[in-house]
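In order of appearance the chains are A, B, C and D, and numbering begins at 1 in each one.
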Amino acid sequence: MGINAGYFIRESFVSFRRNWVMSLGAVITIYLSLLLVGASVGSSVVVNNIVESVEDKVSIRIFLKDGAATEDVDALQAALLADDRVKEVNYTTKEEALEEFKATMEDSPEIVDQLEVNPLPASLDVDLNDPQDVMDVVATIKANETFPNVADKPEEPEKSLKYGQQIVNQLFAFTRILRTIGVAFIAMLAAISLIFINNSIRLAIYARRKEIGIMRLVGASNWFIRTPFLMEGVLQSLIGAVLALGTLGVVTVYVMPVVREQLPFLPFSISSTATIQISLILVVSGMIIGAVGSAFALRRYLRV
Amino acid sequence: MGINAGYFIRESFVSFRRNWVMSLGAVITIYLSLLLVGASVGSSVVVNNIVESVEDKVSIRIFLKDGAATEDVDALQAALLADDRVKEVNYTTKEEALEEFKATMEDSPEIVDQLEVNPLPASLDVDLNDPQDVMDVVATIKANETFPNVADKPEEPEKSLKYGQQIVNQLFAFTRILRTIGVAFIAMLAAISLIFINNSIRLAIYARRKEIGIMRLVGASNWFIRTPFLMEGVLQSLIGAVLALGTLGVVTVYVMPVVREQLPFLPFSISSTATIQISLILVVSGMIIGAVGSAFALRRYLRV
Amino acid sequence: MISMRNVGKRYVPDKPPALVDVNVEIEQGEFVFLVGHSGSGKSTFIKLMLREILPTTGSINVAGQDLIKMRNWKVPYLRRNIGCVFQDFKLLPNKTTYENVAFALEVIGRSKHVIRTQVPEVLRLVGLEDKIESYPDELSGGEQQRVSIARAFVNRPPLLLADEPTGNLDPATSLGIMSLLSRINKTGTTVLIATHDREMVDSMRKRVIALEGGRIIRDQSRGVYGYGD
Amino acid sequence: MISMRNVGKRYVPDKPPALVDVNVEIEQGEFVFLVGHSGSGKSTFIKLMLREILPTTGSINVAGQDLIKMRNWKVPYLRRNIGCVFQDFKLLPNKTTYENVAFALEVIGRSKHVIRTQVPEVLRLVGLEDKIESYPDELSGGEQQRVSIARAFVNRPPLLLADEPTGNLDPATSLGIMSLLSRINKTGTTVLIATHDREMVDSMRKRVIALEGGRIIRDQSRGVYGYGD
């Protein structure tokens, strides 16, 4: 009992064409849903880049007391470098600190002029791999045994460390919320898209429930009825996904450069790996949604 | 030829119930679309509040030369206050400026200790109604005739004015893009929602095209067929809109306080007027979309 | 009442036409049978009358109105004066028997009171008094056909068209329906019936119009079904 | 071939049942007419045979299989051995005449070649050779009925059920269809026809089962339509 393999392919294409009102409805829904999801994943990648670039500015500065023993400073530096969370440690001399101060005070050079001795301490500047670790690393530094030996004000450890104490907490609270909102929003959009797509597939199949009943009565088995519907669902999803991808591509190529020009100081960019990943996810998830959605919607009408 | 007024109301409710698969599909679509639009309008109101609070920190500081004539300073202050764009002008004395400096320098009190004379100038601090006007107001100040008389460094007007020259441009470029993206996103969501809603109404009516044809053949006039469909569309939209509103309400009541607690330093809030406006817009636009969508979708099948 | 002149109808350009050069005059109060083989154009004839379709050529006049020149928005008013029993019943699937029949009255704006008295009366006439609350897919074929018949004459139209009204009915019920149509005709209603029911046509001895391949091949008053088979 | 024992079917709990205490044995190769008034349960009888519905009481055996115990997934295989002409045709609206008939062969996995030769052959037998590319809504009532007939026997099923197969056909075409069914029967196919066509039943003199109010009131071999009207 050989089955015409071509039957199903032909059938799903013909049905797509003949039920074009329904097909178009499903394609539009899938297209816009995936577009929405794709756009928000893209934007969240961009926002994440920006947030990271801001967070990267977070570093820890350890003020050293004048005349701290070089071995002690080296020991602290070595201890810090041994820490996984630390990216690099730089030494800033008293003179460099003064230069920096002069640069920030250029509006009021009188202040600098009045300085007779250099009041600014030397420092170790610690950059972190993950800025979120800043509080932990600060605690580690305070616990380090050589730290009191070299600190500018050993009796007040807090005053020998600068890491934007208030700002850091606020910044991370904000970026954490921002990320949570982003993930929640994308999850919501994805869920809504799923519902939309399922909805439109269900309506399309509901509109053809009589046909399905007739097929059953003529002796078609469930999978024989289902296969063309599933393939049609996959076809619709594929078209929707490709359209969504195309639109996103056009936006990336034509709109992103304009935005980047307007905001040269922000790292507006999506890597091409991210782009390919997004594309693949869109197409594959579109097809799965199409197939699964059709399968679920069909179940009800395949019982008689 | 009196018409049963009750007929249409009864008809649309009965039809809503009997075609519940279709009705449910339409309600879900309208609900989620309006939810999406409502959520993004709400978020954009919040983001706008935050952006404004950041922008409000933009002000202009005019450094005054030591011993500037009080009349001149008063004249400049009066001239500025006469300007519509200026909200208020505050005078900061040399002593106050030094106090401020000490506060920012508390990490390195040695610097302040070394100061023998107060090198900091007095200043006029100009707050604006709309921070976007900052560049214009700066230009006006430079053009003011008493400005050179009181300026700290009359030969270098740029140096007598402080308004975060680089930051301001970047900030405004960023907030402008943010606002544009916000508006574009909401517009896109609104358009997509419209298409979704229209789509699902069209599918629902497509599934009932045979019925519409039969009604025509039995002598029903177009408006007689259309009215229950439109009322059903409005009913669906109303239900969808109310559900969307309810969900947004729940989110506002239960989620917003949590976010606000996490980020006490950011002005997370939506005024109740804004809330009512959003609600009204959702409900009314939902109903209009339902009616117009149904009317359009029907047109095709009302010709025979 | 009905006047067709040189009417032709071709559905698909390069296929043979469904009707060719049809000329018919039917006076008010007549009772006419339309007979012919399957596919000879009977339903097309009836659809033209209802302006469900427009002819390719010729002119049609029903109840004093020129159907070709008629504006679209006037069509419903024409149809309210024509009761029609459709070959495929055309019942509204989401309405019960009662509601389907009542719909024909609601369309012309009859009051609730009139509907409440007339609909059960008419359903009793076609023998469906105990199927009032059933939906079309809960009815047998013959029952659906009778709902369609009830709907066609519930608003007492001056013209009644019936396309194969007894195709799904047993001889006894058919006879009942026929005598009903005949009584309706006696009250002045013009009745046109497309049918294959030889027994019925032969027993009634009314005017018979016979179609073949879209042409009128016979038009006899007091005729028989014919076709020597 | 078919065996029904004490079969009853009640669609709605508090309404009279559609079938009551039906006992029937039909042997392979028989030709049986099922007659009865409109609403007497003929279509219900046929739907039970196809397992479109399950009986409320009793047991049904078709082609050696117990329909009540049959698993859902096996139902399609049962139906492939039963050709059925439905009272409302049940054609797929999005398929042409050709595709509708071919569908019955595709379902059982016949090769393209078989389909290409058998479908036109069968359509010729029912007189639709020039309507091959038409969609159901471009066909006359009788033409749709003939498509349904063609689909029912294109795959040469051992059992052929026909619900009112000539309701929309003129006497000449009906006669053609009847002799076709009779020829199919001669090749060993069991044929069961629900009909109102008194002329046909009376002329064929085959076994007649008469239903009334859901009960079998008569079961005669070489019977007539009956009902003294």
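We adopt the following convention: a contact is a pair of C-beta atoms (placed from the backbone, for glycine too) under 8 Å apart; a residue touches a chain by one contact, two chains touch by 3 or more.
Just so it is clear, the model here is predicted, and its values are computed rather than measured.
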item: Most widely separated chain from subunit B, with each centre as the mean of CA atoms; value: D
item: Length of the line joining the C-alpha centres of subunit C and subunit D, rounded to whole Å; value: 28
item: Separation of mean Cα positions, subunit C and subunit B [Å, integer]; value: 63
item: Gap in Å, rounded to a whole number, between the CA centres of subunit C and subunit A; value: 68
item: Subunit A-subunit B separation of Cα centroids, rounded to whole Å; value: 24
item: Touching two or more other chains - residues of subunit A; value: none
item: Set of subunit C residues in contact with two or more other chains; value: none
item: Overall pattern in which the protein chains touch one another (line/ring/star/complete/other); value: ring
item: Pairs of chains satisfying the touch condition; value: A-B, A-D, B-C, C-D
item: Subunit C residues touching subunit D - in the complex, by the definition given at the top; value: 11-12, 15, 35-39, 42-43, 87-88, 130, 138, 140-143, 145-146, 163-164, 167-175, 196, 198-199, 225, 227, 229
item: Subunit A residues touching subunit B - in the complex, by the definition given at the top; value: 21-22, 25, 28-29, 32, 35-36, 39, 43, 63, 101, 107-108, 110-111, 113-117, 119-121, 159, 162, 170, 173-174, 176-177, 181, 188-189, 192, 195-196, 199-200, 202-204, 206-207, 259, 262-263, 265-266
item: List of subunit D residues in touch with subunit A within their complex; value: 50, 52, 72-73, 75-80, 82, 84, 86, 90-94, 103-104, 106-109, 111-112, 151
item: Subunit C contact footprint on subunit B (complex, rising order); value: 1-4, 6-7, 15, 18-19, 211, 214-222, 224, 303-304
